[in-house]
Amino acid sequence: MEFALASMIGLLTAGGVYLMLRARSFDVILGLTLLSYATNLLIFSAGRLVVGKPPVLREGVAPTLAHYTDPLPQALVLTAIVIAFAMTAVTIVIAMRSRADNGSDHVDAGDEGMP
Amino acid sequence: MKRLMPSIPLSLAVLVLWLLLVADFSPGQVAIGAILGLLLPWLAGMLEPERANFGRTIAILQLTRRVLWDMLLSNIEVARRILGPERALTPGFVWVPLELTNIHGITALASIITLTPGTVSAELAADRRHLLVHCFNLKDPEAQVAEIKARYETLLKEIFP
Amino acid sequence: MSMALEILLSVLLLVGSGFVLVGSFGLVKLSDFFKRLHGPTKATTLGVGCILLGSIGYHAWAGDGLGLREVLITLFLFITAPISAHLMSLAALKLEPGQRPRAPAPTADGEDD
Amino acid sequence: MIDALHVHLPVLPILVPLLFAAAMLLSERRGILVQRALSAAGLACLLAISVALVAVADEGRITAYLLGDWPARLGIALVVDRLNALMVLTTTLLGAACLLHACGGWDRRAIHFHALFQLQLAGLNGAFLTGDLFNLFVFFEVMLIASYGLLLSGGRGPRMRAGLHYVVFNITASTLFLIALGLLYGLLGTLNMAEMGQRVAQADPANLALIRAASGILLVVFCAKAALAPLYLWLPNAYARAPAAVAALFAVMTKVGIYAVLRVYTLVFGGLAGDTPAAMLADWAWAWLLPAGAVTLVLATLGVLASSSLRMLVAFLVIASAATLFIAFSLGTTATLAAGLYYLVHSTFVAAALFLVADLIRRQRGAAGDNLDRNGPLRHNALLGLLFAIGAVSVSGMPPLSGFIGKTLLLDAVPAASMAWVWSVILLTGLLTVVALARTASQVFWRAEPWPDTTPVPAPPGRAHVAAAVVLLGYGLAMTVWAAPVLDYAEAAARQLQSPADYVEAARSTRPQLREPSP
Amino acid sequence: MILEAATSLASPPPMALASTLLPGDTLVDKAVTVSLYMVGIALLLSLYRLLRGPSVPDRILALDTLYVNTIAALILFGMQLHSAVYFEAALVIAMLGFVGTVMLSKYVLRRDIVE
Amino acid sequence: MLQLLLALPFVAALGVMLYRSASRRTTAWLAGLAPLAGLGILASLTPRVLSGEVPQATHPWIPQIGLAFSLRMDGLAWMFALMVLAIGALVVMYARYYLGRREDAPRFFGYLLLFMGSMLGMVLAGNLLLLAVFWELTSITSFLLIGYWSHKNEAREGARMALTITGAGGLALLGGVILIGQVVGSFELDAVLAAGDAIRASTLYPAILGLVLLGIFTKSAQFPFHFWLPHAMAAPTPVSAYLHSATMVKAGVFLLARLYPVLSGTDLFFYVVSAVGAATLLIGAWNAIFQHDLKGLLAYSTISHLGLITLLFGLSTPFAVVAGLFHILNHATFKASLFMAAGIIDHETGTRDMRRLGNLRRYLPYTSALAVIAALAMAGIPLLNGFLSKEMFFAQALELETGGATMRIAVAIVAFLAGAFGVAYSLRFVHDTFFGDGPRAVEREIHEPPRFMRIPVGILAILCLMVGIVPAWTVAPVLATAARGVLGDAVPAYSLAIWHGFNHPLMLSIGGMIAGGLLYLGLRRLMDLHAVARHAMGRHLFRVNTRALLLGARRLTFRITQGSLQRSLWWVLVAVLALAGPATWQALAEGVGPSQPMPPTGWVLWAILMAATVATVVLHRQRLVALLVVGAVGLAVSLVFVLFSAPDLALTQLLVEMVTIALMLLALNYLPQASERSNHPARRWRDVAIALVVGIGIGGLAYAMMTRPLDTIASELLARSLPEGYGRNVVNVILVDFRGFDTFGEITVFGIAGLVVHALLRRARIAPDRVMPGAPGALPMPSNLSHLLFPLALAVSAYMFLRGHNAPGGGFIAGLVLAVPLLLQYVLLGSQYVESRLGFNYVACIGAGLLVAAFSGLASMLLGYPFLTSGHVEPHLPLLGPMPLASAMAFDTGVYLVVFGGAMLILSMMGTIRPPKAPATPPRNPQEAR
């Protein structure tokens, strides 16, 4: 299991990084989406992989880690998902505006040079 | 009354949904379900352009039974054809002329057509007088149209006059 | 009773998943969009339906208590599947207008071009 | 009532702006004046709170505030020491001036300006005050997303592209932050920074390499926010394109990254290790940061020289100041830390002031704007020249203003071992900065052409705009005149920073009021 | 009465003891396992169509099917674990999974999905 | 008293600059008042100073670094203060008439006074650090003065050059001062002067000496830093007269004198200082001969005289020091008057070019006479003050002991040459200006300037004479006092008289004069002096270097920053690899634990996720397809959450996925449908490589982490969730209770996202990438079905919300379960229709949500518990019995509102973008194909 999850994290990361390095805003957003999946899985994996022990307490079952998986990383991932969504929304809108204002969806569009 | 409860069946549906969800039929939950049943259709009704009027409600049961049975049969039929050779298939479109004028009836008919395997309602003509249906295995378009109209449309006309 | 129930449940589950599988198989095997469109209908109706029935029975049988909540899933699927199929058909017709037979009434030709 | 406020003091710097922001959102349709009144009221409250916070912190006690009344390790604790109280006060003072500037008209153009501004302050204060690493991430995000809004609301064109870069860059950094957080939780099993510090100190040696990898990723994150080479590339364009009031507020944003480095790499991966095997983690980061700071300082100074617009120049000055801070903090003695803290506050104010002055100049220069390669006319030469001169003298470390005091403190504090090259870097970059600023002044003020008859004369500088710049420069002057008390505070803060055990003790020993403490 | 009902939601649904959490050996359990495999294969087949296309509606259809198959998988997985915690997920897919299909189709139709 | 003395110029400057409406006369009087009053104060202090007392005043400033506002007036400071004030007063008087009618007098006098104050501060500083402060202030204020005629290119360049060179020296000085402070333990001058031995013995001594001398040499225009001084002549003449006679350049030699007791006495000091002094002396003097500009000649002569003074201090004997101090005074007097005379000439003739001047004694008899006197003093002709100090220099040169005979001979030769050159350029000055033919091509009618312009020159010329003739009556007490200030009790015996007999120095002096005369005549004979064009080497180098620096900086900065996002991100990855790579490698090399076996269904998920991820990357340029495939990745991720016991996550992921797809589709309408392949293949492979490395690294880290044992606080969370958090869904209890503050921040982020999108789109007009022809067709059947679905979905949302604390669900999930069906209504019915019917104010919804969440936490604060402390009350209601109510529910309500409001605000804003007013043509420009 661990290897499977780690390989998923690795591949998502690699895919995300590659897309993030493309020059078009939409590709970058796709890349960030993949990266955020990778991140969420990684944080999630910090609680270790346990099948069939969701952290919803049941009557008569001692509330210990023997019977329930670690709930904390799940809460963290929830927060991370929400924040990633918010960021994606903002990025998408900026990408739209940037394309409309600068006439291109190239991430460096309208750049008249630095400094 | 109409404004408060745009649709009694919908309110009932919400109530039933609620009770099924909470899996608890205590008076308290019934009360909550009832409140939601009043409130939510009213809220949703604000968006609704055309309200539903029900005719013969008993026909609903009749129709349900018929649809479920057809679903079973056609499922088996279509599964057989999927597993069989594709050459034997003669798919095709057919325009089904509609006698139903009520949009709710049309929707119900289209849904039934889609839910019974082998037919999919693909498009409703802009004047709502014809329904384009794609059939998985269309041998006789006339017969197919006739069957649809006979099996479902007549009953639907009773339900949604 | 128990054995019979068990067999019934098992059959329900296997039939259900069988239909799910056939539906997806059709998706792969068939050669044209509108043919494929018929496959998944099985999954949504009899496939998931049987499995849900099995689930209701199973949870009751296994002592998890009788819950009819699974019925709701079928309900929602029955409401939503036609919407999906309808819109996907419209989309496919939009992309390949040639497939669409001429509408019998002239007014029906409105949107297409 | 006062007592109750006192008890809740640590959370108020976050809560008050949030509440005001919410109130602004609800009252947005009542017009700009209501928004401004709310903004002013919010900032007044915040100012009182920040001053009280500093006063409390200066008693020398570290206060932990257990949110939700949970023990620190289970819930989230805010921990106030001298350092973050100072950061909060700095932010508030800065915020007041930026707000003043924005009320000069920008707030009418930028939708939701006031609410976003308060939320940004809430985010900044939250990042400073929290004692929990994940919560730090959350407040980073609050601060960042509010900054996106402030940067882009009312903007168009190239600012959108700069914004896209800024946002994508920061999201990437945040992603890395989360990766590091995941790894650290997976290795240490807690998120409370005090607790993490302890667990790092007692970590299984087999886990040390992994912890170091995580801490390396975290370092990249913080350095990216702090704009350390080679991670500063995003900053010049973003800051130069930001509206003046926002760019000025952003002067404190890089400081958040620096604060985070300072906090995390003294507390979590640092001072608590003693002579356990984990001690290798302690100096590792700082050993990287010192040369990186020096390289950044050189590159940023070259950027200052190279800038073809005034705002770009100030943006590079922001980077240079951050680099100087890294040098100061990496040297790691009480004296360099204290010097760094003084310099941190000073550089925040003066950079902000320069952004505002640059904006004033831009408005009075006709078509040339703040472009330094073009000659242009300039109205109100004397006033703007004076403001610019004070800012320039201060930022370049020329006597007698705060920059000079900061740099002198730092030079004086550099340990003998690294004296030669640190001095060379700081003094030479200081000289280059002087050269660049002299060139700039010469170009803008001395080469000013007569106002062309064809273009209409711009409105004179707005009162709010001038006042905001004066206020910020005034902070710097106050820091010059009353340098001694500020330095006393900075030194005490530095000492506190060097004994993270006190921080841990505060976080651990603070008992919940109702609940049982953690075993 | 209503409040009581609202708060009675605070009590958990009836649930089996944890000891029955692991897959059992009964006939039904075996059927569940076999069904899971079958649904798994169905998922992979849908994935194939999703990746192969060729037309966009084909892919939309494949994604839709993937969602429906997932409902089956969730229910079966819940049975395997004797747990109802995944019911909500299945419900949400059944109720809202088609929204993606609607939007994607609408996009193909009109580009502007909200007109 | 000292404070007042120092404050005067600053106060006056402020007054002058604020009172801009004053007449020129008033301004000048105001300005003149400062030095005059200062002289008064100085006079009142003089008896004490002359009696050997050292008046002091100290205010603490920054004790932490030993910077105190200490003022101290010993003999040296007194002499310099006298010079600064006296010549300052004369310059003010002169400038009042010199400045043109249209010039900004308040600014001029303001700067001048600021400079005067800085100079005074420097000489009076009783703390070395304070001295360094004022030192740099003189650099800054002189920058302003030199650049006063800012419309002139040379003025701006000269000012920048001066600031650069002297500023650099100032920084070096600061370093040196700090080092001295570290050795001595104090910056107080008294302490420093008493610690000479310690400083010379310190290992830091060479560094100290080097840095301090760098400061001194740059300021005093010593070789090779001398080149800024001639260019500073672009300043108005009063400025030159002030800066280059008595003040700015004297700051360097002042400091040399000031620190003489602690720095001198070593070979290093002796050789370095005297060598630099000698070189400067000769180079300056030689160059002076070939200047055509009056002020240029004077500037080089200044350099030369400063070299002489430096050389004298370098010789390190008490006698030489006295000579140096004496020459400081003398040079100030004659040079100030010469500059003023040059200014008058310029003022009256309109030129300072000696090639066009000549025979001015006809037109300007008084000025000529005064200038000739001063020029002769400069040449060191007997009966004038310059002669006396030169004579002392010659005497010292011939008696030098340190360094032996070689040194003695070398210095003597230098003295001789310097004397000769001095005479030569003085002759040139006098001859080419006042005698001979001319003036040529002068358009003005030349007449004597206003009386008050001549008076300062006159006073100074008279001083030259008086000091030269009766030194004992005039300058002796001043010199004695100053010498005591430097040397303490070690003041040597010296005599100030015109006649010491026909001794060696006199012979050398006479020889020099003759040689100088011959040299001038010879040069005139040999070549046309007027045709000699000398390029200023230093300026050329400075220019070239500055330009190279700027160009280099620009190129480098451009190359590095370039404004490319990809480059920024690339560097982030490189930084990650650098900082985390080695440790990751080490961790993986140390070995990782085994993996648990996975059920086959898990592998199905794995396959879906891996295949869909690869497909996303491969297909990413077909955007709609990529979006579809990403949908499958998202689904697989949520199934992974299902598999590994995270129902809440699975739900959230599913819902967020739907909303994300909606967002992306909405955006895709305004973006190109396909990505153009923009990067070079090599670049793509490079990116593939780094992506793989980073992916393997992160995956490896995750694997290594997962196989390590975990000691987590989670067991405590599990244990306390039900009894104290009153919830069975521990994840939800963490979200709303344990870590409610995180959630508070999270919904703030979400709400802000809504606001940002709103702000960005409300007034935006964006053209869609492609507009489909025809009106939007109605979708009667789907909308009809969705009407059926909508209320049911709302009920499910309510259910999810109420159940969240005990089962998967909660405010966030419920909020999205509310938002997604509403979104569906937007899609099927159109946004206008929905908003006209429902009309939510989503912004207020966000605000309300934040308020509700905050108030649920504030409630506990009113009871004295920390923010967000969850309350749980169980009131017994009639008929209903106990009624558990958790405050966390209220908090979750806030979450619900914010999530719903935020999501809908985002989606509805994106759905209601207006096209541009102009006919919609999709934005296309060449850059798109970049």
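We just call them A, B, C, D, E and F in the order they show up, numbering each chain from 1.
One rule holds in what follows: contacts are C-beta pairs under 8 Å (C-beta built on N, C-alpha and C of every residue); 3 or more make two chains touch, one makes a residue touch a chain.
It should be emphasised that the depicted structure is a prediction, and the values quoted were computed from it without experimental measurement.
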Where each step is a move between two chains that touch, what is the least number of such steps from subunit D to subunit E?
2
Subunit E and subunit B - chains in contact with each:
C, F
Central chain (distance from its CA mean to the mean of all protein CA atoms):
D
Taking contacts as defined above, which has more of them, A-E or E-F?
E-F
Subunit A to subunit B, mean C-alpha position gap in Å, rounds to 40
Just the number, please: Cα centre separation of subunit B and subunit F in whole Å.
75
Once you find the CA centre of subunit A and the CA centre of subunit D, what distance in Å lies between them?
27
Using the average of all C-alpha atoms in each chain as its centre, how far is it in Å between subunit C and subunit E?
13
Listing for subunit D: what residues touch at least two other chains?
134, 138, 141, 145, 148, 152, 164-165, 168, 172, 179, 182-183, 185-186, 236-237, 303, 306-308
Sites on subunit C at which at least two other chains make contact:
23, 25, 37, 39, 44, 65, 67, 69, 72, 75-76, 79-83, 86-87, 90, 110-111
For subunit A, write out the residues touching at least two other chains, lowest number first.
20, 25, 28, 40, 42, 44-48, 52-54, 56-58, 72, 76, 79, 83, 86-87, 90, 94-95, 97, 102, 107-111, 114-115
Residue positions on subunit E within touch of subunit F in the complex are 1, 3-4, 6-7, 9-13, 36-37, 40-41, 43-44, 47, 50-51, 53, 56, 59-60, 63, 66-67, 70, 73-74, 77, 85-86, 88-89, 91-93, 95-97, 99-100, 102-104, 106-115
Show me the residue ranges of subunit A that touch subunit F in the complex, using the header's touch definition.
1-15, 17-30, 33-34, 37-38, 40-42, 44-58, 63-65, 68-72, 74-79, 81-83, 85-90, 92-97, 99-100, 102-111, 113-115
What does subunit F use to touch subunit D in their complex?
60-65, 67, 107, 129, 132-137, 139-140, 143, 147, 150-151, 155-156, 159-160, 163-164, 167-168, 171-172, 174-175, 178, 181-182, 546, 549-550, 552-554, 556-558, 560-565, 567-569, 571-572, 574-576, 579-581, 583-584, 586-587, 590, 698, 701-702, 704-706, 708, 710-714, 716-717, 720, 724, 737-742, 745-746, 748-749, 752-753, 755-756, 758-760, 762-763, 843-844, 846-848, 850-851, 854, 857-858, 860-862, 864-870
Considering only the defined contacts, which subunit D positions touch subunit A in the complex?
134, 138, 141, 145, 148, 152, 156-158, 160-161, 163-165, 167-168, 171-172, 174-175, 178-179, 181-183, 185-186, 191, 236-237, 303, 306-309, 312, 316
Over in the complex, which subunit D residues touch subunit F? Could you list them?
4, 7-8, 11, 15, 18-19, 21-26, 28, 65-70, 73-76, 110-112, 115-116, 119, 122-123, 126, 134-135, 138-139, 141-142, 145-146, 148-149, 152-154, 164-165, 168-169, 172-173, 176, 179, 182-183, 185-187, 189-190, 195, 199, 204, 206-207, 209-210, 212-214, 216-217, 219-220, 223-224, 230-231, 233-234, 236-237, 288, 299, 302-303, 305-308, 338, 382, 393, 398-400, 404-405, 408-409, 411-412, 423, 427, 430-432, 434-435, 438-439, 442, 445-447, 483-484, 487-488, 491, 513-515, 518-519
